[in-house]
Structures are given as C-alpha cells and as structure tokens.
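Both of the next two complexes hold chain A, though its partner changes from chain B to chain C.
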Partner chain A sequence: MPVLRLPKFGKPVKYAYITGRVRAMKTKLIPNEMYARMLNMDIPEIARYLEETQYKEEIDALAKDYSGAELIEHATFANLAKTYRKLLEVSIDEPQFLILEYLRRWDIWNIKTILRGKFYGASDSEIMKYIVPAGELDMEFLEGLAKKDSINDVIAAFEGTDFAEALSKYDGKFLASVENALDKLYYFRMERAVGGTLSVGGGLLLKYVRREIDIRNLITLFRMNKAGIEASIVQENLIPGGKLGEELSRMAGQPYADFVRGLEGYPFWSAISDVATADLDGVSRIEARLKAYLIRYAWSLSNYHPLSILPVLGYIVTKETEVANIRKIVRGKEAGLPNELIEEQMVVA
Partner chain B sequence: MAITDAGVMYGLLAVGAGLATGLAGIGAGVGEQGIGAAVVGVVAEEPGFLGKGLFLMLLPETLIIFGLAVSLILMFAWSPFAALL
Partner chain C sequence: MAVIRGTKPTRAVLIALRRRIKVAQTGHELLKMKRDGLMIEFFEVLNRAKTIRQELVNEYIRAEQRLSLAKAADGTIAIKSVAFALQKEPAVDLQSRNIMGVVVPKITAEAVHKKMYERGYGIIGTSAAIDEAADAYESLVDKIITAAEVETSLMKLVDDIEKTKRRVNALEFKVIPDIKDTIRFIGFALEEMDRDNIVRLKKLKAKAQKRAKAEEAEKAAKAAAEAAASAT
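Take a look at the complex of A and B:
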C-alpha cells in the first residue's frame, strides 16, 4: 500500500502549479451558453466550431479517416484522454498520486467497454473507438485485450490483479453483476490507497468522492425505485463508502413518491426540487441535475481549499461532462431527436 | 551585564538591521514560491498572462522594502562615531 508522508510545511505549494494550470485550462472549456447554440447547428457546423476550440488538433488529425458524428466522437474521446494524461504528466508527488487514483475510473470504463464489446460480438476496431486510455492501463495493453477472442480470455488476462475477483463474477449471461463489482472495486481501491495516507490532500479527495458515491447511489435509487424493484436487489447495486450510505440504503425499495419526499432537506435537494416529479421521463432530468450539482460541489469546495486537489477534480469532472454533452448533442442530432429531448439530457452546471 | 561599550551597541544594531532585511527576504521568498509556481502553471497555458503574473509574483517583494527601510533607519539614525566626525 503506497503511503505518502510529506512534510506539512510547504505542502500547498506542491499544488500551486497544477491548480494554476487547471484554472487556466478551465477558461478554455466550452462555455455553457454555447450548448444552446450548438443545438441549433448541424453536425458539420459543430465540427467546424470545435475546430476553433481545444479540439482542433484531434479534429484535424482524424478528419482524414472519419467524418460527421464519428469524427466528433473520436476527436472528443482522443482529446479527453490527452487532457487527462497531460494532467498526470505536469503534476508531481501527491497531486499526481491523487489524480491517478481518481483517473483509474477510466481503467474501469475501458474494461467495461471491452467486456461489453466482446459480449455483443463487436470487432476490435469497433471496441477501440470507445477506449479512453486515461488511467493506468495503456493503449497497447487495451488493444491486446480488444483483440482477444472471448470474454473469458479478457478475464483471464487480469489473473493475479485486483480486477480478478470482480471479473470472476461473470456468469456467462449478464454483465451487470461484473460492472457493478468493478464500480465497487474502483471506490474500494481508492479508499484503500488514499485512505491509508495521512495527507490532507487525500482527505479532500475522499470528501469529494464520498459525495460522488452518494450521488451515484441516488441516481441508482431514482431509477430502481421508479421501476419498483425490490429493496434487496437495489441495495446490492448501491456502492458502499458514501457519506449518506446508511440513509440511502434505507431508502431502497421505497415507493417512488415516499422516496422523493424523503429526500427533502438533503443538500442536493435544491438542485432537483423542481424536476423531482412523478412522471416517467423525470428521471433523466434528475440525473442531469444531480451531475451538475456534483460539479458545482467540486468547485465550491475548491473555493475553500484553493491550493488542493479539488480544483483539479473540478476540472476533471467538468471536462468529462463537456465531452459527454458534445457527444449527446451530436448523437442526438444524428438520430434526429428533438432539441428539447437532447437539452434535457445535458449536464449544465 | 550592562552594555556600556558604544562599539558593542553599534554591533548589535547592525545585527538587528541585518535581521530586519534578512527575515523580510525569507518571508517574501516563502510567499513567492507558491505564487511563482502558480504563475508558471498559468503561463504554460496562457502565455498572455505573463505580465500580470509577474506583477502578482513581485507583490510579496514589497515587504522587503519595509525591512530594508527599518535596516537603514537602524544603521543611520544613530552612530556612536557621530561625535567623532
């Protein structure tokens, strides 16, 4: 277990460079007003607009192989991976350690993508389109996994690693239990690696991550309670380690109306109070609002701790959301969805 | 021990003057290390920020001027040799 024991004096200085840098990088993100304008553009126009932003390099490089929605999807993912890798490269010591711990979620994402791809029989080039090599597992290793013949071969490749136990949950029929176990593993590993350190920075990371777990659990609760699923099954799908773990676990399986009423008074309630209604399509809107709340939470925490890991986390989640929003717009446009429907899904903090 | 020798007094004065500038310098340095690192970080992304960044970086430097002023006052306000001149 890696344990960081750094002297207290001068520690915030370790964060000065990286926080200064991410705050400058934040100004280059796409402003919220632009999403409304992008909704009124067609796909080539969006690609042209993205060429004026930080995505220029990727769009230019990939324009000869892809076009339209595919081009934007590839370019955004390539840019996301590049940005995250850059954060790791320009940081040292404690910030780098904590950023890597947080970015391990992309390892989970990549493993899930490969498993899903193999499950549905997608080709390796198809799978590689959705890979974001931002975590510890590098492109070569992931490419090797994508080239394997079956899911069992992929699972065998992780023999002896932390992932082995979670992957052994695969029963040959459904991926849900494996994916759930992988998510739990990600948070468990983070708690184990960061919780063991005595650093203030690690404590702040965990503080944010606990809230993130709560929000993810809350989204699970909204979906499952809405569908009227049994309490025990819902509880299995909740990720342990959140700040409100106990309370949220008690809400599992409650009738939807009671569940929503029970949420009043929680800090996130004001973010969803006007959309938490009984109608069916309300859940996707609530999800978007909760994710936006999480971004605002990261940035507001970073106002209290300006020289800490929190501005970096804020940037990481904001960037991820930006890419997700662009992809939602492009995918929605391609499928011919009405603008209102796309707008509902978008996360605008 | 009573300090009666004017030379010793003047020597202590000089030590005080040195501490005034020296400690102010160390303080400014501690302040500047974070600002400097942050400015370099921002300039790496936004080269146009260099001017503003340098200005912010030099702000703690002004504290040394206070230290220097105190040193100068200490050194020149009183001199045991004034009577000899």
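Take a look at the complex of A and C:
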C-alpha cells in the first residue's frame, strides 16, 4: 500500500464556516415527511415535485436526453455531484482534505466505470453517461480518460499517483482484482487520513470509517459465505483495517448458519436479527439493513460536536441517502413494486 | 375401383405389384409403429415442455423482480457500469440426437452460471442486490437454453408425427387399396384374356374339324365317283 503523506494544518482548525454552510445546505434537503407523500405519487408527479426543489436545474438540463425514472435518476446523481463539489469549493484546509478523502469514493467509482467501459468496448459517450463527477477528478479529466483507446492508456494516465499501484494489478483479462485493489486503497487512505487529524470529532470520524469498513466486510462475508466460497478467496475480498478486521477475517468461509450464529452479540446484530436467518433466500435484505444501520450511525455521530467534521459527514451521508431514497421510490414505482417493499429499502431519519 | 394409371395388365406387372404390396404393407406396419412410438415420446416431451415453460415464466418474473430491486437499491447507473465488466459471455454448444429417426437438437450451455468472483466485477464495490440480479438472470438463461432444446424437439416431433401420419394414411387409404385394385384389375384382365384365348382356340379347332370333315367328304365323293366309273 502506498504511504499517504498527510498535509500539515495550522491549529486550531476552523470548522465554523463549513458547518455554517452545511447547516444552510441542509435546509434545501427534502423533508422526511415528503417521502411518504412521494410514495403515493406517479413518476411524472415526482419529477414535477422535484422541479420545485434543488433538483430543478438538473431535471431541466437533462430532460432533453432522458425521461421518467431515468431522468430523475440521472438528475439526482448530477445534483449530488454538484453539491459535493460545492462542499469542496466552500471548504479549506483540514475540512477540505477530509471531505476530499471521503469523496474519493466517487473517483474510484468513475475510474472503475471507465475501466469497465473500456473493457467492454463501449464508446466514450456511452461511458460518460454513467460518470458521477462528485470527487476530485473533474468532468474534463474523466472525459479525457474515457476517450483513451485502451485500458492500458487509462492506467498510464495515473502513473505517479496513489492509484498507480492498485491499477497495476490489471492482468489484461480480469478487472475484479483492480476494482478490489482500488476499493481497498480508498479505505486505506481514508483510515490513514482521518487517523491523522487531531481536531475535535476526528476520533469519532475514525470510528465511523472503521465501522464502515466492518460493515462492508460484513456484507462481503454474507454474500460469499452464503454462496459457499472458500475462506482464502473470501479473505482476498475483505478490506484490511476496521475495528473488527481480525474477527471478521476468521469468519471467512464459515458455513452460513454458523457464521450467522457467530454474529449474535455484535453491535449491528439488532439491525439484522429478524432477517439474518439460516434459510434466508438472498442477502440483499441484510445488506439494505446494514447500510441503513451505517447511515443511522453517521447521523447519530453528526450531533456530537457541532463545530467539527461530523456535521459535514452527516450532511454528505444525508444527501446521498436522499438521492438513494428518491431513486428507490421512482425505480420501485417503475417496476410496480409494492409500497411496503420500497419503504423497506428506504432509510428515513 | 382406382387402378394405377398406365398399368399394363401383364403377368410381369402383376408379379411386380404383388411384390410391391408386400413392401407397402410392411412399410405401413412399421410406420404405424413409428407413429405410435413418436406419439408416446411426444407426450413425454410435451409434459417436460409444459413444466419448463412454467419454470421459465417463473424464472423471468424472479429475474425481473431482482433486477428491479437492484435498480432501486444501486441505481441503473451502477448496474450499467457493472454490466460493462462482464468477463465472459455465455456460449452454447449445439449437438444433435436421434429419437426414432427424428434428429433433435442437444444444447449445452457454457459459462452461464458463474461464481460471484468469476463474473468480472469487484466484490467490495458492488452489492448483494447486483449478485442476486446476475444470479437470477444466469438461471433464466439456463432455463431459456433448456426450453429451447425441449421446445425445438417438440416441434420437430410434431412435424415428424404429422409426416408419418400422412404416410400411414397414404399407404392405408391410397397406395395399398390402389395396388389391390390394380392387382384385381390385372387379374380380371388376365382371366378375360385367357377366356378369349380359349374361345379363339375353340373356334380354330372347330374350323379345323370342319375343314377336315369337308376334305374327308370330298375324298369319299371322289372315291365313290371312281368306283362308279370302274363299274361302268
């Protein structure tokens, strides 16, 4: 793993400005009671309602290319990217560094999408449809990557960056190892970056990042143990770090029933106890519960220190949850799923 | 009575027709057996096809639901992105097998059902909903391939049963009766010819006898004349 060089910030780091901006941005979020009303609306009605909110600009801009649920999904993702970039623009020093490290997950997403697109042989315009420029890499740079002739050209563009080592895992025929390496790199950087901060709330943010790593690993364990995959392969797909790293690694390859039994007593058990049964058909319900658990955990942390990175984290997670909730409603409605099933997938404070 | 057109009522044709009717009757028996055998096979395949069709519909509904859930949970953008990473497209190997002379396809699928880490996308950055949608669609493709094999076999069997039935009916109601009629016709014709010959021979015989009698009478008259002349 590459060693992350942390920037040195002057002390004390000022969080008053960014938390003030975040408080103002929070007022533009969709109120919780609207989700219940949206569940009873048709897709055009939801689009019309969203035109009254912060999504208007994106819906108007994309209406010529998309319609229905597709329009809403692309518009919400575009707005998410715009909002996150705005957060980066209005922040300085340590907050900016931490926000950027957190938002790098979108850079990873975009790099993976471009690699997959090149692997498949998709055109640059086709690839660009699925890009969400919410991280450090801007649209222009990503467009340049999408225009490259081959995967090797894309990888060469990252020469000298932290991504280079992860990208070097590409063996010419298999993208999974590169994708996993990129995701591991993201969490490695995130853990190191947050661990380096001495500001108030830094410890809690580190706790959150470690819990996120644990939850991601737990989801991987559920997926792979349920499929009966051998321990060594499962362990390759676990993210190093987290609070329960060693314990979760030992659970790799366990028979599914034993694995589920072994989870009783962990803090996340209450969130999944009623669905995590040995005869469960699929693990997506457990995954949805665990993700909801993580979101609620982020929300609970965001109130601890008003002048710290935690309210910003709370806002970032809330914004992403809002976009996911809207998408779940419109996609669920499009597929004719019952409201109860859609509600089960949504996370509302 | 339907006689085969252009048949010459000769003994040679009669012998040939008698040989042909034997072949036709044997063929008729065999084709009837084949038809009955195909019918039994058809009903077996039909039951399998019905079951597979129902399973196919169920698999399709399940796959659509899983995809809808994955679209809701992760978004179409994520699904499309992951779909680009597909490592190996499924391939089918087409062979044939024989059911009572009917050549039906035998389809073997390759690389349809994959383990989640063989699909090409990274596990850490994807979700269980995507796994479940991919898994449901893999099962659907498997079922489509089985259904294609069974339904093509069924159609081929129906075609062949129809063809065999037409042949059996043609032999039973046209070819064999026609040959029988023709044999009867030739038999009648040959008997008629025999009778003609007998009459002709009788007539010739009578003519010859008459001529012999006349010659005898002439000879007797000549002898009587010579005897009278010598007496005088």
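What we mean here is this: the second predicted complex is superposed on the first by the 274 of 349 C-alpha atoms of A that agree within 3 Å, B and C clash if a C-alpha of one lies under 4 Å from a C-alpha of the other, contacts with A are read in each partner's own complex, and residues count from 1 in each chain.
Operating definition for what follows: a residue touches a chain if its C-beta (ideal position, glycine included) is under 8 Å from a C-beta of that chain, and two chains touch if they have at least 3 such contacts.
None of the values given here were measured: they were computed from a predicted structure.
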Just to be sure I read the superposition right, which of the two partners does A:Pro338 touch: chain B = first, chain C = second, or both, or neither?
neither
Thinking of the overlay built on chain A, is A:Lys28 touched by chain B (first), by chain C (second), by both, or by neither?
first
In the superposition, chain B vs chain C on chain A residues touched
C
Mind working out whether A:Pro44 is in touch with chain B, chain C, both or neither, as first, second, both or neither?
neither
So, A:Leu307: does it touch chain B (first), chain C (second), both, or neither?
first
Identify the partner contact of A:Glu287: answer first if only chain B is touched, second if only chain C is, both if each is, neither if none is.
second
Please work out whether A:Ile18 is in contact with chain B alone, chain C alone, both, or neither, and reply first, second, both or neither.
first
Name the contact category of A:Pro255: first (chain B only), second (chain C only), both, or neither.
neither
Quick one: in the complex, what on chain C touches chain A?
64-66, 68-73, 75-77, 80-87, 115-117, 119-125, 127-129, 131-132
In their shared complex, chain C is touched by residues of chain A numbered 70, 73-74, 77, 108-109, 112-113, 116-117, 119-120, 122, 127, 129-130, 132, 173-180, 182-184, 216, 219-220, 222-224, 227, 229, 233, 237, 239, 282-284, 286-288, 324, 327-328, 331-332, 334-335, 337, 341-342, 345
Residues of chain B that touch chain A when the two form their complex:
33-42, 44-46, 49
In their shared complex, chain B is touched by residues of chain A numbered 10, 12-13, 16-21, 23-25, 27-28, 90, 307
